[in-house]
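Two complexes come next, and they have one chain in common, chain A, joined by chain B in the first and chain C in the second.
Up next, the complex of A and B:
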């Protein structure tokens, strides 16, 4: 045993993992601190957790280097793209926690609730920095495991447990498919590293073609499950409807950002030699996703289900950026995700505020006559809905504009025309809510459970989409610069 | 010679005990057969110089997973006649899967990929180091980041399992530690004049 030589020196650039290490330690510390906080003062835990996620966002910016750095023998990659994604993820988590303070205040074991949200954030941050299928998969599972538990957190609510179980089973299935695909790519290239797979696949002979195609199809199917592309979207409406509303808001942003970052890295680094093949697969999926998301949303009566289908529809539009497969397309995805975060968080904040005589206002009819009782909320909801529909000069318009332009420049004109058609279909069900708010009679008395964090969220998100609608330039520049080093 | 004798012993017992698992009437006997099957499979791993896998198979599957199985079986008593009817119910589907698997095995065995000596094991390559040491060297160095994340995943699984199952029962007695600590002698001991 004396002459054992360790072939690997101590890992370098450990400071680039500072945000992740901070979140991990803070989450574990919070788990202990929470034990000393009385049940009626649990909002202290929430504010501590919010502070942790905001500090993590600041640390992510702070460790950014001018060049891309790898740590842990190439397993961990820190570039501008990862930093941008991490800031978005941390902000999404902070918003989700702010929304939770009031909604979850009567639940037991709140400390673990916020700790699980922090661990999910850690998983997403690791996904954003993953340069390797091993770290990417471990980050993905860390995130997914936390979210399965968070979806089923309200154990007394039957549909919450049901949603959690459905999500868990389908999530496990999709992980299996993803791993099955990865084994094929590993078998052909002999590497788990994205760039290593890229060179391995480019050098592979013709006899490996079947294995490569199987790997490609299974990897895309597994990832498509995670970002809810049709026909792998089945879990989305049930999980969104059953989950506590703040968790629905949380899982509609961070996990999608992390999923698309991983998607972009895999397509750009590991599978560039298969661009024709994956463009074909993704085009088919995008056509189906846009149709399913936007058409099924029309038929929904529950607004959480409607927003679930609307997420699927937006994922369809975001996929245009993947299909464009260039820096502009990928930057457009990040622009889209940033604006989408503000729109969705604002909409969910108002849904949480809606309360009709103790019953959470989750039906679309519940919004009838809102403008007469609460003109300010009505206006905020109206702006958010117009933005989600993509009406010009609100944030949502520029999100769609960015991906559509990127796709047109990459030569996918017909696909963009198709997307415009479904964008118009989507406008119908968003604007229907505005019609309920402004033109319908009030039926049952409103009973708003107001609190300053919720009001702040509505205010911040609404101002953000209006400001981003008028000055979209800086955000687009930031995203373009972040993506510049990728290809 | 000795190696093939051991292989036949372990492989034969493995198949026999696997048959025992599916034919035993008593579920507890099935579990014990499965444990025996795992021991023999571990023996096969040792013959392949994969002693790490062999040890892990015994530690994890026999030591933890099968014990869990036993707990579950002891808690959920199943009636015997239910078992009989379920055999007939799944016979057709199970039969199709078994035939397909058999065909796959025959095709793989006759493909010429798995010929004797084609895949030399570590000892035959003249390695002076066993594979437990080899795994240990990379697990805590090259793959350290993944190892740490896996540890956090286990922690999350633990927290999640507790959060989803813990419940406060109204009729349960809880210890009130601060009340216990605050107790003074006068509260408990009373001087009685006889």
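Up next, the complex of A and C:
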């Protein structure tokens, strides 16, 4: 037998990819297993997929090393930050799947649905560990393609297909912009690696200035699309409204986490020499994002659309962490995303439960008088809304506190004042929901679906928000330690 | 030894969290409106008993914080669970726990829908209010300060009058918009004063004048909305009018004091130079509150609105006394807040008693009530006289002290003013006449006169339960009016200390620090 000579050395630290490898294999296996599961027992597929994402979260923690390690010649980076992000992403996926069980039970081809969610998760996990524009783009596209399909999953619902198409066209455009920007940065620095770009840009001469600026602007614009910063937010309300509600919940957390992780890595590793420039651009975007998100949310009558604009508003606050550009700021982003995941998942769980006799209760009016009929759901929704508004003893307050603190530390006092103004504006539309729930009379008879996974979700998220609101210390500690190695 | 034991027992934590624990137990285990009422009453009385040792074993000879507690809360940001009371805050803890009992008793019959939620909201509210007065960590203070909005929003919105949604949204957004600036100020102070949120550390840190100026404004907005001071007072009449009776009592009795307490705890000791700089501004706003708002009160047709405006005017007295920096005026201000808590609370309860019978608050719908409700008429007479600050009532002591203190203002306050504070005192004294006008005129139109309206003829006099919650208020108002010394003793040392803090400039130290900064930076590794 001839000696087989492997052309390249076997990649080192392959074990650090264990979670990703596991998700990829499990997703493909699930696709096959699903063929043997009867249509009326599809919840088994769902539970299997949930198990996969939870195991992936555990594996992510398990492969964590005390020092950052790279694999595949520096393409793949595993540090504490990536681990934290992956745990959040996997939890977000698990929540999204739990929400799907009831909502999607009458749809066809459910096997693919959960498998697509798993592949999207895989893409996000790759983004979290990307140390290189190529792998980042691979992860981004894997995630995006899966989510385009998931948004349009209810093929017979017109607005679902419409949302999917809009999202796809704008998403493809933004991917193009991102790639276009990357080519400029590559042209100047000769590297795709974040750190390599960083050194390349720092060493570049004055004649490269225009190319660098173009690269910077296009990269930021492309990423801004993905995390829905204004004025690149146009797809968000339509996609949120049209998508099946569990997918709306899913895409409001995981992809945002992955997007912000990539954003942080690119700003901190690849573009540190352009801090003045990107701070200026991001400040402009943040000012616009906070205003658009919080003002437009006031005018919404559909609660999914309202939460879409509310997401944009929250992205505006989270951007303060990016602008602060210090460890506290980046840690604050992770604190914010963790708390935001619980708040949003809880709120969407209640919205899904409002589904009455096949007609989704998506109008804000539908919540009128909820407290008289379902006091427990009403209290949960009330607490979640106060939390989203950022009122203390609830988690949302600490999320805002963390980003504002970091921004003040970095000297952006005026921006914080502006943000606080809009957080007071934002409080209006959240407490208006509380008004419908508690102050108004019942208008339509409520017909809540009974679903124990959903009830569990509501319970878990609400308790998490209260506990995080009273004892935020450990979470802030974890996030700060995870980010300590980055700068 | 025994005293030591009491001092080491976490009384403050217990009094803060007992109401919420009680609310939790009631929510989970108590069924039936009747049982809920009794259970809440038991919880509120237990809380009052827990707070009682604060007064009984209070050391009146020191301005130091007492009953202190300390535990790390968020170590990452050096946020600590730091509690303590001094002579300024201790009375408010007792005031809160006492008024909560009265609120719960007063709601016994008039709240019939969602009794359980109502009682839970009040008990949670009590937690946040006591927390505000005990917190010595600025973030903890803000935590309780803002958390208070949630139960209050629900109390006005669920159990309020016709226009309740408008009133409660206005209340919520006004106070929220005001207090977010305070959060910025606190965060800025954290970085200025060396990564700490301790209020006591802030008091020691020399801020330079520019920072004092802007921080003072940020705090001012938060506190002025809460007091409320003209021109950000407009939420109060709406909130008072629409709130259920007990909500008005707690609003007038405690919530308004939080703003004035903020001035005493933050603005004066932490930002003394800015406070002196803003004396004319505060005096002007206080005088507008005293004179203009009194005139507005006179023209009200709704009794609750009238008392609400009267509260704003009386709080004008408090802010005036606060910014005179004299021991007398400050004692008067603190005493005035305590006294006003009882008097305004009692007046709202009086309106509540009438409202429960006729379901109207319009002055014009009454007349000759004394003929059918003689006991009630006597009680209301007493509190109206107290509101006018007649000698013998607690309000008289407060107003006399403030006027005396204003007449002999501290040189620091006098120096900031272009006119003599004696003129300010004379101007403020007109309030005695104005408050007599609006209070007694209302009393005349509602209680006195001939009995002509059929609806009024059907009114029954007060029940034993109703009398029961007026009795402690009557006793307290008279006791504080005739013998205010015990309370003044409690306040005295802390106020003297506060005067010293407010009149000692921090600019010298700030200047020295700025000079030393380059040297310190060079020495630092």
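Basically, the second predicted complex is superposed on the first by the 476 of 487 C-alpha atoms of A that agree within 3 Å, B and C clash if a C-alpha of one lies under 4 Å from a C-alpha of the other, contacts with A are read in each partner's own complex, and residues count from 1 in each chain.
Note that in this section contacts are C-beta pairs under 8 Å (C-beta built on N, C-alpha and C of every residue); 3 or more make two chains touch, one makes a residue touch a chain.
In this text the structure is predicted, and so the values were computed from the model without any measurement.
S.K.: Taking the superposition on A as described, I'd like to know which of chain B and chain C A:126 touches: first, second, both or neither.
M.R.: The answer is first: A:126 touches chain B but not chain C.
S.K.: Looking at the overlay, does A:109 come into contact with chain B only (first), chain C only (second), both, or neither?
M.R.: first
S.K.: Contact-wise, after the overlay, does A:428 reach chain B, chain C, both or neither (first, second, both, neither)?
M.R.: The answer is second: A:428 touches chain C but not chain B.
S.K.: For A:405, using the defined touch cut-off, is the partner it touches chain B, chain C, both, or neither? Pick first, second, both or neither.
M.R.: Once the two structures are laid over each other on A, A:405 reaches chain C alone.
S.K.: Pick one for A:141: touches chain B only (first), chain C only (second), both, or neither.
M.R.: first
S.K.: Once the structures are superposed on A, label A:476 by its partner contacts, choosing first (chain B), second (chain C), both or neither.
M.R.: Second partner only, chain C.
S.K.: Shared contact residues on chain A for chain B and chain C?
M.R.: none
S.K.: Using the touch definition from the top, list the residues of chain A that touch chain B in their complex.
M.R.: 4, 6-8, 11, 24, 28, 31, 71-73, 75-76, 108-109, 112-113, 115-116, 119, 122, 126, 134-135, 138-139, 141-142, 145-146, 148-149, 152-153, 155
S.K.: Would you tell me which residues of chain C are touching chain A in their complex?
M.R.: Residues 72-77, 79, 117, 139, 142-144, 146-147, 149-150, 153-154, 157-158, 164-165, 168-169, 172-173, 176-177, 180-181, 183-184, 187-188, 190-191.
S.K.: Would you tell me which residues of chain B are touching chain A in their complex?
M.R.: 133, 137-138, 141-146, 149-150, 152-153, 155-157, 159-160, 162-164, 166-168
S.K.: Touching residues of chain A toward chain C in the complex: what are they?
M.R.: 371, 375, 386, 391-393, 397, 401, 404-405, 408-409, 413, 416-417, 420-421, 423-424, 427-428, 431-432, 434-435, 438-439, 472-473, 476-477, 480
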